[in-house]
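Listed after this line are the structures, all set down as structure tokens.
Shared between the two complexes below is chain A, which has chain B as its partner in the first and chain C in the second.
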Partner chain A sequence: MLNTLSSTTPTSPGLWALAWRRLRSDRLAMLALAVVALFLVTLLLSATGLVAKNWDAEIGVNYAPPTFVGAQSAEERGVQDMNTAEALPPENPRDPLAAVIRQLRAERAVVVGSGGAAIDDYGIVDPLAGEIAEIRSGQGKDHAAAAIERRATLPFGADKWGHDIILKTIKGSETSIVVGLSAALLATVLGTLFGAVAGYYGQWLDDFFNWFYSVFTSIPYLLLILAVAAVLQQKGVLTIVLILGLTGWTGVFRLIRAEYIKHKSREYVLAADAIGASDMRRMFIHIFPNVSHVALVQLSILSVGFIKSEVILSFLGFGVPVGVASWGSMLNEAQNELILGKWWQLAAASVAMAVLVTAFSLFTDALRDALDPKLR
Partner chain B sequence: MTAYILRRLWQMLPTLLGVVVLVFLLFNWVGGDPAYILAGKMSNPEQIANIRKQLGVDEPFWVQLWIFIKQIVSMDFGASWSTGETVSHVLATRLGPSLTVLVPLTILETLLSIGLALGVAYVRGSLTDRMVMIACTVGMSISILVYIIVFQYVLAYQWGLFPVQGWGDSFSENLFHYALLPILIALAVGIAPSLRLFRTFFLDEINQDYVRTARAKGLSEKRILWVHVLRNAAIPIVTHVMSNLPALLIGAFLIERFFSIPGIGREVILAVERSDFPVIKAITIYVAVATMFFNLLTDLMYKALDPRVQLK
Partner chain C sequence: MEQDILLSVRDLRVSFRLDKLSKQAAFEAVKGISFDIPLNTTVALVGESGSGKSVTALAILGLLPEENATVLPGSRILYGGRNLLELSRAHLRDLRGKDISMIFQEPMTSLNPVFTVGYQIAEVLRLHLGLSPRQAQARVLELLNEVGIPDPLAKSLAYPFQLSGGQQQRVMIAMAIACNPKLLIADEPTTALDVTIQKQILELLAALQDRHHMSVLFITHDLAVVGEIADQVVVMRAGEIREKGSNDQVFNQPRDIYTRALLQCRPSPEHRPQRLPVIEDFMQAGTLPPEPAERSRGLSGSEPVILEVRNLGKSFFSREGFFGQREFKAAHGVSFRLRRGKTLGLVGESGSGKTTVGLTLMRLHEATTGAALFEGRDLFAMPKHEFKAYKRRIQIVFQNPYASLNPRFTVGQILCEPLLIHGIGGSEAERMRLAHELLERVGLDEASYHKYPHEFSGGQRQRIAIARCLTMKPDILICDESVSALDVSVQAQVLNLLQDLQDEFSLSYIFISHDLAVVKYMSDEVMVMNQGEVVECANSDEIYLRPRHPYTQRLLNAIPKAGERIRGQINAD
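The block that comes next holds the complex of A and B.
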């Protein structure tokens, strides 16, 4: 009788099972999770070299536009520019010198049109003009031959060197996400360790870590990051992970410390003490599983923040070195390209980042609600 | 009250000392020998030795720390390594432009966010509420860089509604001409997170007993929100806005950089690019001191807004 009862009594689901059930009922959260998972799968594929391995192959013409804009090779435009008076850059309607420039261009057009090719851009008679024109036309042929191998349009366009934007974005997402996740992991581990020690032992260790915390939080976060970036001269993925990770642990510390203070006098910890568990065992085997959901939510929040920070640091040139694709360095290039009307790299990097960060944030919100409705 | 302020000031000392030591270690130990940065790549050992002597880097560790503390107290950090301008002059002249952008920005952002958040709290739980929250999340996910690049290109460069960048000499010209677009962009970026945060403050208050009492008295929902809830939610809002002020000074660095506004944030970026350590050190220390004072001020304000708060 007793046996049948106990075998039919369902065990109550644990924290994780309950959280997963709550998450699964939230359709938006599941969609967000799917998007994040898609990014992570792409990241794995690109990290193992299955996708975007040759992202830096110059397969398109320079600034090849996206296919729907239509083919327009850089060489064609270049030839046009040389022959017509309306050369690049396009006229800016707000330019106070617009009238002067227009006049200069008109004069030059007259000179070019009247067959006076011996006068160069500065109005000086050039005795070598004929020879140079010959060399240029020869080069033009070579370029034309090379252009046949390069594609005039690409589905998502190409950058200054003719790299395919979509492959570059995938490679860039690898850098940005890896940096964001590893830095978040480092910060969470540090914050958890400090918080556990301070909260569990209390007394002078608590005082010490609280002092450490107040020192770090009295310097505004961005300023601290920039100061560390100024000091670490070596650029690289590891450097930026260290910068973000070593400065970002304070929020995790505060929450984990409070949890440890709450848990250390609970009965199960006292019981663990009674059966002779060591401090380390009590801290990490007994208490940690009960506070790990706090750490997980913080890990998720930090990842989103660090992906955004990495983009800004790389944009400023304090992040990944030149030659490594990242969303930040793509935005940096795109900033100058936009003036020339080449918007596709900006669009690709912005949209990829916005989609990932939106999905990640929505998922984080849902995760927080599912794991700990009390936290805000 | 006076005793409380004095005690808080006294408690600041160890933290301040910690900041000083942290900055000192960062720049004198982690950063390597400053003489090599200052002397550049083309230098002989003799020059290096001279510069080391000049900077006092050949002194023992604690003497250097003492020099650093003396610099902080006397506000004399010497000259910038790259421009030769004295650091105190750099700080004094860069503060004005930063404040010209930040003061109107903070006021506008706070008022707009409060209004919008109250509106969203009024229709809480509805489809509008949910849509606004998702729109906020999407808006926050787009990098601030994209906002600046696109707005500057479209509004200023193409449509010519604003100057593309620049800064003048007269205050009114700066505020009403050059600072307009930067403020607009910072508002567009800053409202979403404030709106989300303030909404949670309001929602926390809406479930309180006094709201139910007010409703039972027959007050309109609008009056409850704008008078009763707003007054109580003002405490966390003021705390949030106040404690964010010093960080904002640095946080606007991207705006200042893109629009060539000669403010503190841009100065930090320039200093990092040029390895101009004295400028970064000075700004870090003084902004940290400002943060501590603002935290104290926030706590005092807390007391003024909520008489129940006991200052200990």
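The block that comes next holds the complex of A and C.
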């Protein structure tokens, strides 16, 4: 029964199915794919608000160290708690300005003290005074409550404001991966389109795109990015995607163009011409599936590159605006913290990025092997 | 025979792992073969693709790819009292090039493009014989002279691309005989060459073998070539030896049914049966099938003309300097008439412009001059969108069935696409029915519809390509070397199919080939082209019996004829 069934059902694995089969037997590739998938799932959960929704809640003390490092006192942390009274730096007895400083401090105390009293002295009856007092006291209570909840250590530490690093990294992955993937997609689509047109039609169109390509590649990459960033003015995820996508298509363009030049004179394309297939049909229905593996591998390589680029851009301050978590902004913050010995933010962002990039690269390599046209 | 044995192969078994990843059972390419190569003899190893003949040669040289090939235990290759399969790599390398050397099928890819040919030959001499550069240089000139290259001094400084295919193969031979090897292995040395060049190379090999008293292992798929050069013939099929014996015996009294089949299914210039016998006929019946009736060919002159080509010319231009252009006339002044239901054969060597004519007729590139009248309209003059309708009427089957089918399309998609483009068959279901019908017509089963081209053999792919053309019910079918890449037995099947289709639909064929025997078999009228020009055009029997142009005569003389040996002639000279 099973035999007759399998003989009547046509089972012919397509080339993608064969590639998938080869890929599946590659353990390292599967591990890499699992890691990438884990990142993507986390990203989805975070984007839908199921995870890391309250990443910006200040649940730890400032710079709370990771649990395995152990709690530190405020002095060790090198900052004063926001709840403790304004702690003044101890006086330096040898300071020639010590007397002046002392006087200024005294004056200020007087101003603050008398300022509060002065209002009362005008004799104006504030109808909202009661409420204000109530609110103030409420705030005080909240503040006190928050202060109680703030924890001295967090599993992976906290940043300057006491945000949990792990949640921040997860939230940051959203920006980084989305930017990386969508910029890579934009660059690949542009490169493929330009490459297909230039390679297929040749002649003046090819000359035009080559000229365009040469102009783009002759400008130093970072300068080009900064120039586009300056033109686009506003900061944001979309801007970075555009910057990276608009500047990153050149490599894909060259490869796809070369493939089209090679394929357009192949016999199967001539045969398609002979049966009357239009140019568009030959370009995208006949040739494209045969060169798509190049585009796919490029997409994958570019994604890795652009995740890193986003980090660099944010590090340089051309990336996402302040207040949006991304691995790049985390690294950017880390450069100031590192002097204070706060390494956990740097570590979290670097490890997350390194793991993803490594897994993605390994997967890309395996993908390229699996799609190797020699094995067709 | 009384000669001493130079090399003997005993129980050679070689297996290949097909896929590194899958744990499939290994495929046994050579299944325990034994044969001897006597001193001073030419032994031919004949077989179709997949017979294991090249694997055998590679095994002798120790050149099998290590990652997936295994020589099974018990195999022996004895040379000078030693088993070559047990020698260390270093010993084998000493033997290779010095005692045993090899020439390959593709001279262009076997020569290093960035060194002069003189340097490449000298390298062999320096490595194996330890000659000084000056001595090597002198020997290089001697060798080039010996293999018949004119002006050896100038040519020794030439790069491979500056030489013609025949000259490249001569250089390869010079390199192979540089150290006076005792055994020369020639793996399809003439397959990539034109017939006239092939004849010269065969003559050269025979002469060298005689002069240097070496043995030659000549590997080929073409029995006819073997007949001219071999003393002994070994016929292989699917990793087994079917027959071995002397040249005379194999060609005149073949014992094995497969050998007989091979001899019969190649079209010969003398006979033109209704259908060519195919190997299956022999293998199944076990005896010779009855001789089929002869088919008469030729034109009476009264058949209606379907296509008239006048003064067709195609030039390619290459840029020279800033503004200059150099014109290369691939074809010029080609005029002919194609008649309904008849076949026009187009013969010529590589570079003769025959393929250019085919492609230009399809407007796969645009003609430079001339007109092609089809039903009173000039195909070359009409605008592209109008020509699209005519594409249905003229179709082309390409040479390489591995390249002419899109690897990403299933057979069903391949067959339905032209129907879709030309709006034949209203619905999806109707198109599918038409495609299934055609598959059946070209002899493929229904399950093929959902398969991809890579799952088919060369002959089956060519059937798919033919079916694709038939979807549009063309009037004219251009066959551009359509059977040249196929094995003899498969070639016979495809030729029979083409023949049947012509009888059924009264198609007109333009049959382009370099193989004169095949063209003679298929054509009513034959046009001989040389360097872009038509040199002779006549009824096919006429041209074979009474060739007028010297070039045609030269071509005909070069056809290898089984049993007519060059060796005898040379020895007599």
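Going forward, the second predicted complex is superposed on the first by the 283 of 376 C-alpha atoms of A that agree within 3 Å, B and C clash if a C-alpha of one lies under 4 Å from a C-alpha of the other, contacts with A are read in each partner's own complex, and residues count from 1 in each chain.
Here is the rule we go by: a residue touches a chain if its C-beta (ideal position, glycine included) is under 8 Å from a C-beta of that chain, and two chains touch if they have at least 3 such contacts.
This one's a predicted model, so the numbers in the text were calculated from it and none came from an experiment.
With the C-alpha superposition on chain A as described, chain C and chain B fit side by side in the combined arrangement.
Shared-chain residue A:Q335: touches chain B; no touch with chain C.
Once chain A of one complex is fitted onto chain A of the other, the partner contacts of A:R22 are limited to chain C, with no touch recorded for chain B. Of the two partner chains, chain C is the only one touched by A:P289; chain B is not. Of the two partner chains placed by the overlay, only chain B lies in contact with A:P220; chain C stays clear of it. Of the two partner chains, chain B is the only one touched by A:L316; chain C is not. In the superposition on chain A, A:D273 makes contact with chain C only, not with chain B. Between chain B and chain C, the shortest distance over C-alpha atoms in the superposed arrangement works out to 6 Å.
On chain A, the surface patch touched by chain B in one complex and by chain C in the other comprises residues 376. Across the complex, chain A meets chain B through its residues 92-94, 211-212, 214-216, 218-224, 226-233, 308, 311-312, 315-318, 327-328, 331, 334-335, 338-339, 346, 350, 353-358, 361-362, 365, 376. Across the complex, chain A meets chain C through its residues 10, 12, 14-15, 22, 25, 266-268, 270-278, 281, 286, 289-290, 376.
Contacts from chain B toward chain A in the complex involve residues 14-16, 18-19, 22-23, 26-27, 30-32, 134, 137-138, 140-146, 149-150, 153, 157, 160, 164, 200, 246-247, 249-251, 253-254, 268-269, 271-273, 275, 277, 280, 283-284, 287-288, 291-292, 295. Note for the complex: chain C touches chain A at residues 21-22, 359, 362, 364, 388, 391-392, 395-396, 398-400, 403-408, 410, 417-418, 421-422, 447, 449-452, 454-455, 465, 468, 472.
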